[in-house]
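Multiple structures follow.
After this come two complexes, each holding chain A, first together with chain B and then together with chain C.
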Partner chain A sequence: MATETVTSGAVAAIGTTGVSRFAGILSALRRSPAGFIGFLIVAFLVLVTAIGPFFTPTVEPNVKEILLPLGSPGHLLGTDNEGKDVLIQMIDGGRSVIFIGFLAAAISTALAIVLGSLAAYLGGWVDSAVVTAADVVLTVPQIVLLAVLGALFKLDSPFLLAVLVGGLSWPVLTRAVRSQVLSLKEREFVEAARLLDLGTARVVFVEILPNMASFILMNFMIGVTNAIYSLVGLYLLGLAPLTGSNWGIMLNRAWIAGAIFNDASLGFILSPVVAIVLLLLGLVMMTRSLEEILNPRLRDR
Partner chain B sequence: MSGAVDPPAQQLIEGPADEPRPSAARRFFSAWLVRRLAKAVLTVFLVSTLTFFLVRLLPGNPVDTYIQTQIAQTGISYDDAAAQAKNLFSLDPDEPLILQYVQYMANLLQGDFGTSLLSPGTTVAQVIQTYLPWTLFSVGIAQILSFVIGIVAGMIMAYRRESWIDHLLTSVGSLLHAIPNYIVAILIVVFLGVKLQVFNLTEARGSYTPGVEPSFSLYFLNDILYHATLPILAYLLTTVGSWALVMKSSTVETLGEDYVTVARARGLTDGRIRAGYVGRNAVLPLFSQLAVSLGFVVGGSIFVEKIFGYQGIGYSLYNAVSGRDYPVLQGIFLVVTISVVVANLLADVLYSRLDPRIRVGGKAKG
Partner chain C sequence: MSAAAVPEAVARPLMTLSGVSQVFDTKAGPIRAVDHANLSVNPGEVLCLVGESGSGKTTAARMAAGLTRPSGGEVKYDGTDIWSLNKKDFSTFRRSVQYVHQDPYASLNPTRTIQQTLTAPLLKHGVVKGAKAAADRAAELLTKVDLTPPENYLPKYPHQLSGGQRQRVAVARALTLDPKLIIADESTSMLDVSIRISVLAMLGRLRDELGVGFLFITHDLAIAKYFGWRGKTAVMYLGRIVEFGPTPKIINAPTHPYTRALIEAIPEPDPDLTRTKSAGSLRSLEIPSLANLPSGCAFHPRCGRFEPGLCDGEVPELVGVRAGQSAACHVVARDGAEEPER
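And now, the complex of A and B:
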């Protein structure tokens, strides 16, 4: 890969308008094989699970077709312990997981950027308040609190789940953003901007934040990854309502039915496993190449 | 930091209002430590209060629910049901809320979390004493292994960038980083346990073989390590990838710093630059993540321990959640949170020792 093209991609990516930045990311992604593959995987899964359900027939339990193996005629991925087709459930079951994951990550990333950078830059009571709040929320193990909440209340709305997961996962990134800004704000260009009296918002969001764009983007993806992790985990343990069907609920049913100990139900247990791993892997691959491309410092040497 | 920065530059960084007394570095650190301790106490206090609100105040809270079900199921009077609830939850539902709250806090201070609903006669403190050490044991070993392996792998990747070993380790790291711990646990069960029969899953359940006396013998150590192998493997596999990737990024960033170029220009040996200049600085950001990661892994024990049947705190938490054993739930939640608070405190103290800039930041925020 030629250095010039990478640099131009990075320059486009750190452009000032939203459009050129997005286009820059896309064109940069195409140049990084791993990132492009990751992007394709995520795009494929998003498209199939968003559009697919309009074309799939309703799955009905069928006692005559319980636990058919992989590759059975008419049931490519076999059937589950109730005789329902696994492939159709896979297509129907990704939507809510992906949607809640991205929504939760968007919520936590937005919170983290604003809180973290303002805390570090302003210092004083703002910093104390944000750090204390972050410490409190951060030290509460998210999965444990979600499990407790799941035991106490019915977490039956996707929005509620996204708000809960997103509202609990801002502290990691907030602290990271804060410590980055803490060291960035001592650099000369920030001093210069402050001496020019450009105003807090401009210094923080225009001078400091673009230096950590890759970092934030990476953390948004990590946020999606973590949200999907929490979410599927909640479903797996049966702590989120098990109505309807999604990949997490399939895992839960496979697990409850003892499918992990049963050789015949390999397709039933491995299908959601593979889908979740592919989705998360795609996100991580995208993240990593974006990180390298957006941050020329990672490439130069 | 005294003498490291000349006064005018110091003013620019700190702002004129917060000019530190240069001679007071030692005094300042102890004050920082006091503040940090106060924050830890505040965190525990806030989380306990939150728990009280969850358990006692919100509609459909477990105390009211318990009283209602007792009256509905056994036909006892409200007073009897309330008396039972008082015993179980260690708070008296008939007292004014503020008194209940004070009582609850006083009980917590004495380590009294109430009594288990599912196994009557067992206090929550006993449940925690039985299960928590196993989780700390398995998670602790996994964390140390994972951190060390991750750092070494990350530095190798950064130093051998664009070589086959970088590509290999990066791919493996991304893959491991992407896979949730419960999926790894399920895959271990499916492939190592059922398909290949490498590991006897039934034998490995529990935290030690029934009948073996806990003691400080080599035999017992061997036994508990055997039972902890699969959980440790699952934790290790799911955390080592992210440590390696973060360390790689951090090392690559550090390699570009001027002081590394200067060190090279001065003709220092590669080994000295690697350990003293690059490694030490690159690993700094990772320390601040260590405690966070610990909380994450302990939280993840609810999945891993349940899937392997390893009887630690996650296992009992799952049982408490599915059996709606609220006192145990509340107790475990608090104890796990307090463990993470303490871990965070230690990590912060360590981090501030290693990176004085953070203490400067702490001073500036006043």
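And now, the complex of A and C:
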């Protein structure tokens, strides 16, 4: 879509060519210090957990090195109750958590955007059907349902987990999107688009939705946060199969092993907690910069 | 005068509102925003709709644009009721009648550049082929509305433009699909006076060059006079059309007491003249509520020519009082149109 290329005349913050456009986004990212720090944190965690596993050695249980404290030689974050290096497990165990978090949030956000905006714009029976469905899903306690499902099915595929978590968390955002669109659709520029006969899909997804892009993005990030919390909660409660290793499973094992009562296992139990908190903090901080990129009004300042 | 040059409904009217009403149900009871209004616009003609706030001008315009369905009466485009059209013909109507809103700050999408705003309808309806041709056409439209050089405006976002520039973009957007009728709803009232006249001049040039019909809504008689001199003017009061005729007649020889009051209210530049001018023939300055209209002629509580028994009984019909000029007033209908004192 060549005509969609974003340019901002006088300021020329974002150019038309690929390179300068990327540079423009980078400079927009840097404009908000908090946003830039958030971006760096997220980029660091994503890169390390995505690429790191290719370079880490496989960890083997080692009875001689059980529960080494933080900063032990050769084991920066100490070892766990089986003598496995915590740092290597941290690097290896982030990928699936981040993947499931983003995929689940993408699924729930996509559902919410489509259902919420169409319900609001079309009204009538579509609206009633969507709102009723949202209310029904909303009243089902998520973690309990996931627990029951976890007991009935083997939730060992990260994809299936993401679909489950995402498929349960769309109602809140759907209702929020619906109320936003209800207000936006009365605006005069929407009326003008209708008078130009641009078609429902275009009016909703091109004219209305970009006006709430930062709102949706913020909610996407919150969606990632919630999905990761749900996932880690499932692992902590032992409701998802504890095969392999990820931050959630590490937390579960640390908890089961009573690591909370042992000073030496500080690194063992805190590492996944700190990583998850850092990731979510980074995501939330990053939204501030993304808001500036998406809102042409903020971009020019 | 030039009014004679206007062909008297020779062509089939482009748009006709026949007996349209719009009733809104509110807690205070039904509100008749527009009551049995008859209007018609011929191709290439200007019809000014004048009235104070709450007189139903915008409601009438929205019905004409097909944005709201009237609760009674028919809105005809090219001779057929628009609400009986099939989907395809309705879209043809939709594209032929465009609307320029009052507020240029609300009528342009803040997330879309001017180029995106202008090219979307061109590409959607296949007016031009390809992004390049669409951009060229958009530039051409900007030139038409005096935004030159167009390259300076195409990549801009609405918030980077002034109110007058935005309103010009809104006009350019209304022109994208070559409409037959443009409904301008107080389109200049939010602009600075200095900008207003140049936007009006631009609209006037488009009217003459493109042969587009205008339904021009304003509360300002001076603007109706300026823009619609060769066209017709309808004066609305509390949801009803009280006087209709060629604009020069309405301005220079109004017959309805309400229109006269409006003309009298225009301040004179000469303070001596203003001092000697009659303080107005109104008996009251209060506008009755739409939810609780006076009986008979809605204007009778304020009217200087009120006659008990005649005016507060029946609602007056719009009847011809002079060639091409009609008024809804019992007194005028009985006594005939007397020539104005001025």
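What we mean here is this: the second predicted complex is superposed on the first by the 261 of 301 C-alpha atoms of A that agree within 3 Å, B and C clash if a C-alpha of one lies under 4 Å from a C-alpha of the other, contacts with A are read in each partner's own complex, and residues count from 1 in each chain.
One rule holds for everything that comes next: a residue touches a chain if its C-beta (ideal position, glycine included) is under 8 Å from a C-beta of that chain, and two chains touch if they have at least 3 such contacts.
Here the structure is a predicted model, which means the values were calculated and not measured.
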Which of chain B and chain C A:E191 touches, first, second, both or neither: both
Touching partner for A:T56 - first (chain B), second (chain C), both, neither: neither
Greater chain A contact set [chain C / chain B]: B
A:G199 touches, of chain B and chain C: first, second, both or neither? second
Which superposed partner A:L138 touches (first chain B, second chain C, both, neither): first
Contacts of A:N211 with chain B and chain C, given as first, second, both or neither: second
Set intersection of chain A contacts, chain C complex versus chain B complex: 191, 297, 300
Residues of chain A defined as touching chain B within the complex: 34, 120, 123-124, 127-128, 131-132, 135-136, 138-145, 147-153, 172, 175, 179, 182-183, 186, 191, 225, 229, 232-233, 236-239, 251, 255, 260-263, 266, 269-270, 273, 276-277, 280-281, 283-285, 288, 291, 297-298, 300-301
Residues on chain A engaged by chain C in the complex (per definition of touch): 2-4, 6-10, 187-189, 191-199, 202, 206-207, 210-211, 213, 295-297, 300
Chain A-touching residues of chain C, taken from the complex the two chains share: 65, 67, 91, 94-95, 97-99, 101, 103, 106-113, 115-116, 119-121, 124-125, 131, 134-135, 152, 155-157, 159-160, 170, 173, 176-177
Touching residues on chain B, where the partner in the complex is chain A: 12-13, 15, 39, 42-43, 46-47, 54, 58, 60-62, 161, 170-171, 174-175, 177-180, 182-183, 186-187, 189-190, 193-195, 201, 245, 249, 252-253, 255-256, 285, 288-289, 292, 295-296, 298-300, 302-303, 306-307, 317-318, 320-322, 324, 326, 329-330, 332-333, 336-337, 340-341, 344, 357-358, 361, 364-366
